[in-house]
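Have a look at these structures, which come just after this line.
Look at the two complexes coming up: chain A is in both, with chain B in one and chain C in the other.
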Partner chain A sequence: MSAQTGGAARFVGASVKRREDPRLLTGGGQFVDDVQLPGMLHAAFVRSPLASARIASIDTQAALAVPGVVAIFTGADDFPRLPPWWPSEANVPAQHPLAIEDVRFVGDPVAIVIAESRYIAEDACELVDVAYEARTPIVDYRAAGEEGAPVVHAELGTNLVAEMASPPDPALEAAFAGSDHVFKETIKSHRYAAVPMETRGFVASWNKAGGELTVHMAGQAPHVARAYFALSLGLPEHAVRVIQRDVGGGFGQKAFQARDDMAVLHAAMRIDRPLKWIEDRQENLTAATHSRHEQITIEVGVNNDGLLQAIRLDHVLDAGAYPAMPAEADPGLVAAWFPGPYKVPHFGFRNVQYYTNTTARGPYRGPWLIETTVRETMLDIVARGIGMDPAEVRRRNSIQAADQPYQLHSGIVFDRVSPAETLEQAVEMAHYAQFREEQAAARAEGRLLGIGIASYIEPTAFGGGRSMGIEAATIRIEPSGKVTCLMGLGSYGHSVETTMAQVVADELGVAFEDVTIVQGDTASAPVGGGNLGSRSAVIGGAVAGMSARKARAKILDLAGHLMEAAPDDLELVDGVVSVKGSPASSMALTEITQVAYNGADRLPEGMEPGIEETTRWSAPFVTHSNATHVCMCEVDRNTGLVKLLDYVVSEDCGVMINPMVVEGQISGGVVQGIGGALLEHIPYDADGNPLAVNFKDYLLPVADLIPEIRIGHIVTPSDTPGGHKGAGEGGTIGGVAATVNAVADALAPLGVTITEQPLSPSRLLALIEQASA
Partner chain B sequence: MKPAAFDYVAPTSLDAALTALADGGYDAKPIAGGQSLVPLMAFRLAVFGQLVDLGRIEELQGVARDGDELVIGAATRQAAIAKDALVAEHAPVLAQATGWIGHQQIRNRGTIGGSICHADPAAEYPATAVALDATIDVASTRGRRSIPAAELFEAAYTTTLEPDEVAVAVRIPVRRPGEGTAIFEVARRPGDFALAGCVVRVATSGGAVIDARVLAFGVGGAPIRLAAAEAALAAGAGVGSQELTAALQADADGLTPPEDAQATSAYRHSIVVHVANTAIAEAIADSQ
Partner chain C sequence: MSRQQVEMTVNGRVHAGEVEPRLTLVDFLREDCALTGTHTGCEQGVCGACTVLVDGEPMRSCLMFAVQADGAQVTTIEGIGGGREGLTPVQQAFMDNHGLQCGYCTPGFIVTVEAFLRDTPSPSDEQIREALSGNVCRCTGYQGIIAAVRQAADQLAAEARS
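Then we have the complex of A and B:
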């Protein structure tokens, strides 16, 4: 890439150490809870203990009498309702920051208490006397569409959020009728959550005289948040400043603003002092979003030769009480991308989504990943059913290079993807054939070894002309000759201060150390889409590179003028401009910037002083990355505990800016996939109480449980400017399915079929015992 | 997740601590490592107006030998017990049990007295104390007494200590020749509380088991003796024998293990036999 633009590629492609790390690892990070403003007050919420109830009355008198309590706001204070996040055709209820007449899930914000300290605020919360009239909640989303089910939002008259289906297709029916086999299963995904290490948090200060609101926050997309705050609060956009310095993970949970977030900002505007709210872990597990609670009934028509003929899906989702995403998003992605890396001639789907009296569904790293979980676990069930090795079934159906561009039923086109290649690389890295031999020997001793494969093609970096697909970068060559790059991204820990600097350094021809990335502050950064949807490298990298090239062109123009050489004959390497082939004739970048900023009389005719270039770019509709995961495990017959033995990923995210960062993203993602498959779960009881709201009950994966994750790379450049493809979500997408398949393969000799997660020892031991009974 | 306001004293003498507790009545509470008490207070599941820190009282610290007993100060940190030479020699299963407690950071703070007085049904130390026939020395302004571990644990999180009493030391008979001990447990992640665990002590003579203590934890309110298995072992039933398996199954069927987000009751019931068998086999091997 850099070879065409001058300056030998030195940083892109290298595992440059993260420049964020010295700051973060020595406690120098600046997270939202580190922000201390003079006179700052603290907020805590009173939340509903009931899943469904009418609020008969709220008495705040005793709480207001606590010394140090400044204010208490409730639904009666009329914080305006939230504007819709995105246009949607679904049945959408009014969302108010604080519950007005009804509470609709355990954790529903009922009042916000403002006090001199969080301690005092929590003392006062206990004294806010809320009289509830309990109602029967609807907890099971599969029953939410039934006649007579309690309705979550009375104003809608139904629990139905939205329903979509492909048109009737006689060819699909014929394909099923003509298949040698038809397999059908209902595969369920359980409720769990993004669990960022840093919970949600705000420090908001309203300058009444100036009409300015400053919001420090733990978020993902500063400009998107600013626009939403302005709209919600009735302020002009420029009167809101969003600052997001270090953020301890978001994974989608911080990509949008929820009701309690807005309650904090409304409250901040009604008091005269800065206000801090740091969500605690119990709140995060109760009242921030939950994810992945859905099921798909899948039918697969397949012939004896293993070739897939037809697939039909019936997808049902639990939206919770106040879903964060527009109803069309996740089911639409599942329906459009489902066939993934395989050629499936006929496809049909239906999806339906219901409100329940539970915590909202929200996006979490690969929000649509049930398509991979269901497709890949079903392929293994099919493989066992027709007596073919799971790797071979995948091999026979894989989209090959020669098939591309390959158009799906949905119109989506796969091009420059390599599912056949990642499959072969992963299988080889896993020593698949050898493992099968070891497995056979172990089975003879009664031990349960398993190997599971999962492949997927992942849509990343959505473009299509909307905010998420547009990004800007401003490159400023400072008078000192150092480079500042201002970007609209909002890093939550995924290394953009490093990777973007690598791109800029190469494109300009300066040292990596001389480039600073400034992002996460709407006061300095150009408007951008933030960090979500695996977009940072593809879109951010592209604009950073484009602006760097513009700046470089100006540097060479000016240098050419000063050196009396043709700009085309010049090169910029390591911060020095020289005539190609005769390095003696050269000028340091600092000499050139001195002229640019302080020597207007020496500029060529018509050239503006300074060197500062901005590019704003709208990305193509979507960029596809792909991967194959292989997980190997042993299940303990006596305890049902799963020990992971080995884990392999072969991935293709196009041109890697920094392989170490890519591998970090993949490893972290895989661990979250494993966590989902084996451990993480927020069950509800029949009354709508969440049963895992602290880290004693909510089991995150820990390092001891994770084998080394070995990663191989196939590089098929995308057609975007840097050739990159998104790498943020894939690890998680494949992680669930590969783990489930490994466990299912281990238990296969017992004749057990796994259709439900998490694969807790209780579930697995019960399956083992049933099989041997 | 902030505790309600409380007063805090950190006396350097046991008498001062006992007086503070006596004066505070039900509103006062000793705090040792804080690894169980502080989370309870942060969740406001427990509210105390007066905390009496035991961490600065010399008398409650350290391990010593006193005749046929090891005497372990109640405020001795779990991490110190794990690497104590006297414990390794005379009560090795206590050191092994420590390895199953939480994580290093927790063991650096948590104390043996705190663990025993907290009486978590899934904790390792209470069952180990019972298996080793330990005695707990306690004190209050009213005087001192010693409670056999077997009589200390009433139910989950409930001991026979009075609110004004402080555990001063844990006395453990030193390991006798021919004795074998072991602990084994199953948890979902390293460091988690046990879903089911078992501590075993066998006495042997000429290689044959003549007496056994088999204590299960995590499967009921207090550490539970698996009496049928103990009897079968004392009667000569070997590991893997039908007699021992039947006895363990009978013991297991007498349990009503708890159910929570981590495991079902049926699961805990299912694994008890495997867990006990593993610990028994290791204890017998240890005695040889």
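Then we have the complex of A and C:
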């Protein structure tokens, strides 16, 4: 807990049941598709069936003749070019809401059809006649930089998005030369996606007379979206209101709005009626963003004692046609945060990113997690190579408490992290030594058991003075004595209506039930950064606490005046102000609010009426959480099927507001990691057609695949108010690597090295057969 | 397209209307009956988000046409718990065990589990996992959901004994 806690901590640290649940459990949630406005029309998109083509002509006549079709917009309707989300040094093409002359991936939006119902809009889409002149696409990002490769954006003259490299370093070369062993592998990450259960969606209504646009959306950051919409649409920021009530997951995919999203808003402003667009699942799997398609060639210099000497990375990324995040972000994070929890004296990197005629790369929970996947799978390859247990290799190289603050090559400083501690706790919880014995016995019978470890240090809640690192909370003690806290968050399942109320209730000294959190609406909340980047607890929790303390101070000042006591002698507990040590002398909060709102003549000299306090706070550059995952599995030799036996996480996210919620975030994240490692995949054929466009082909983890996930906590408070660290993404970051390592360990006796996922039965069977051939 | 008359009882109330034969049951429930608690995640019968009870049996309302439910008794999430009685033991167990985060998949899970525990009063852990495996949740990692079904099953079994 923070040193300045007002009341005793009764709610922070407790697994308080969620506020959000009763409505969601009884069908009372309000998701964007539940919004019905009078006169509302429906949109559907005509999308490119080709990966690369010139649009020769578009004939909308037959479609427009369908009864119930109201309008059709195409690239010829001049929806303005999208402004960039960020300034970027990269080669960035013009982005238009609808394709103008060229289509650049299967799913590229070509036309938007507006009709009285979604059924009619889809019928009409079929009748929009688009003549394409097909071109040869570039599909393989590893070939996109080659001489003569088709160029995705002709205006750029190259497929190169951006590249970065560390300066030449003779000491690095010398360290490799001096190492007892050097291992080198190319580890590939396949293309998969965030797949929120609720797809993207909007209901936009333009009030022409009032000059106001109201946008209900499935999003993650209402104010960030509002600013972007205003800029894109040429409206004053305050003329746009963004509302998100309940949102069915996002995981990064809904953090930034893309071309088709903007087409919906432009269309809404050209018709006089509210417009709804709800993405269908096929669109979500083809036209919303994809993630994680990249590879890293890693070289590791290591000595016989297991101590790492040098690491070099060569990172190549697939940006797709219209990347939905700044090009520098993911490779930059990988380069700056490698080698994570281990001490490595010498490090170098290069990265390069290319455009391809495929769906855009976009953020998905731990967008840079290849950093962990590559490091941790490589550490196991190294351990096998030098004949040392993987846990021991990690133990010998881990950053210890005594090493901190520990500075990486990039200048990033790790402090208040506990990688050595989570490693030990995880290994212990997994009964590691015992599993090794069972594994040896099983191997003697020809069975393939495996155990995999993955550790990481995760940058969370980026601050450093930019908008994402700044958050505000307005706390209003209502005339009734109840508390409303307004925040610029955009929960899509994070439980902030519960967790923020826990913080506020504690800091104020009122009952949890008396605090309501209002978020997800730009009309009520102060400007904030929304829910992304594992920031809501760290930054939101801090600022909610600060505002609560301000409000509490005012309550005590006023109470002191009314009770003729020094404010310092007063306490506020359970909504009652009393003199410390003599509870008989007290005033209920409602008596105080009566004076604040309805008795200005009784206020002390100079005090404003009402009790409403806002704090806006800029978080420090970054807050680090860390964890170690251990996955245990058995691979069936005959079918290649992976059965997960057990899964352990030891994590350190600092002070937990609500352990139940933290564990929920971890479990959900781990299963997304497992899904990525074993099942989820959107392959493309050579012509640029995506081959998993529905849930029959895009396999998601379900309950019978998932073992119990056991979670241990190490609590090293951060130096931010409240002591919290982000917990949103870590589960996924460790989940991929631990699962891959468990399977690789199971197959180790066959002499198999795994450098590619997903670890589907067919891939594993091929490896097993290859090994026994 | 020629319209067809359809009439069904949803959560105890009769809903009648003229619909296109191709209108799915889920769209009829959400739009014509204004019962938006039933969600769609795939419209292909895979994710289970749209599960409702049709004559007591869990059905994927994205795979059925409204006209196929003509004359049926339909129960949606709005017909389970809530109101004066509060949450059912299944819903309460989901709340107690953090069996939901965003809540989008939740109505489908609740409907599925209500029917499962009615038909399988003392399930094994394996039966629980299997019964849940037709529903996708992207948020929870299933831990809270599995624990919730266990709790609800134990509670319902204890109530049946007493």
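Just so it is clear, the second predicted complex is superposed on the first by the 769 of 773 C-alpha atoms of A that agree within 3 Å, B and C clash if a C-alpha of one lies under 4 Å from a C-alpha of the other, contacts with A are read in each partner's own complex, and residues count from 1 in each chain.
Just so we're on the same page, a contact is a pair of C-beta atoms (placed from the backbone, for glycine too) under 8 Å apart; a residue touches a chain by one contact, two chains touch by 3 or more.
These figures come from a predicted structure and were not determined experimentally.
By the touch criterion defined above, A:197 reaches chain C but does not reach chain B. Contact with chain B, but none with chain C, is seen for A:697 once the two complexes are overlaid on the shared chain.
When the shared chain is aligned, chain C comes close enough to touch A:668, but chain B does not. Of the two partners chain B and chain C, more residues of chain A are touched by C.
Of the two partner chains placed by the overlay, chain B and chain C both lie in contact with A:281. Touch criterion not met for A:587: it reaches neither chain B nor chain C. By the touch criterion defined above, A:382 reaches neither chain B nor chain C.
Once the two complexes are laid over each other on the shared chain, residue contacts for A:246 go to chain C alone; chain B is not touched. By the touch criterion defined above, A:99 lies against neither chain B nor chain C after alignment on the C-alpha atoms of chain A.
Of the two partner chains placed by superposition, only chain C is touched by A:21; chain B is not.
In the superposition on chain A, the residues of chain A touched by chain B in one structure and by chain C in the other are 119, 280-281, 694, 696, 702, 704.
Contact residues on chain A toward chain B in their complex (touch as defined above): 118-119, 122-123, 126, 280-282, 638-641, 679, 681, 683, 691-692, 694, 696-699, 701-702, 704-705, 760-762, 765-766, 769. Listing the residues of chain C that touch chain A in their complex gives 20, 22-23, 30-31, 34-39, 41-44, 46-47, 49, 76-78, 80-82, 87, 91, 94-96, 98, 100-107, 110, 128-130, 132-146.
Contact residues on chain A toward chain C in their complex (touch as defined above): 15, 17-18, 20-31, 33-34, 36, 119, 195-198, 246-249, 251, 280-281, 492-495, 660-661, 663-664, 666-672, 694-696, 700, 702-704, 706, 708-709, 731.
Interface residues of chain B facing chain A in the complex, by the touch rule stated above, are 1-5, 43-44, 186, 188-193, 195, 260-264, 266-267, 270-271, 274.
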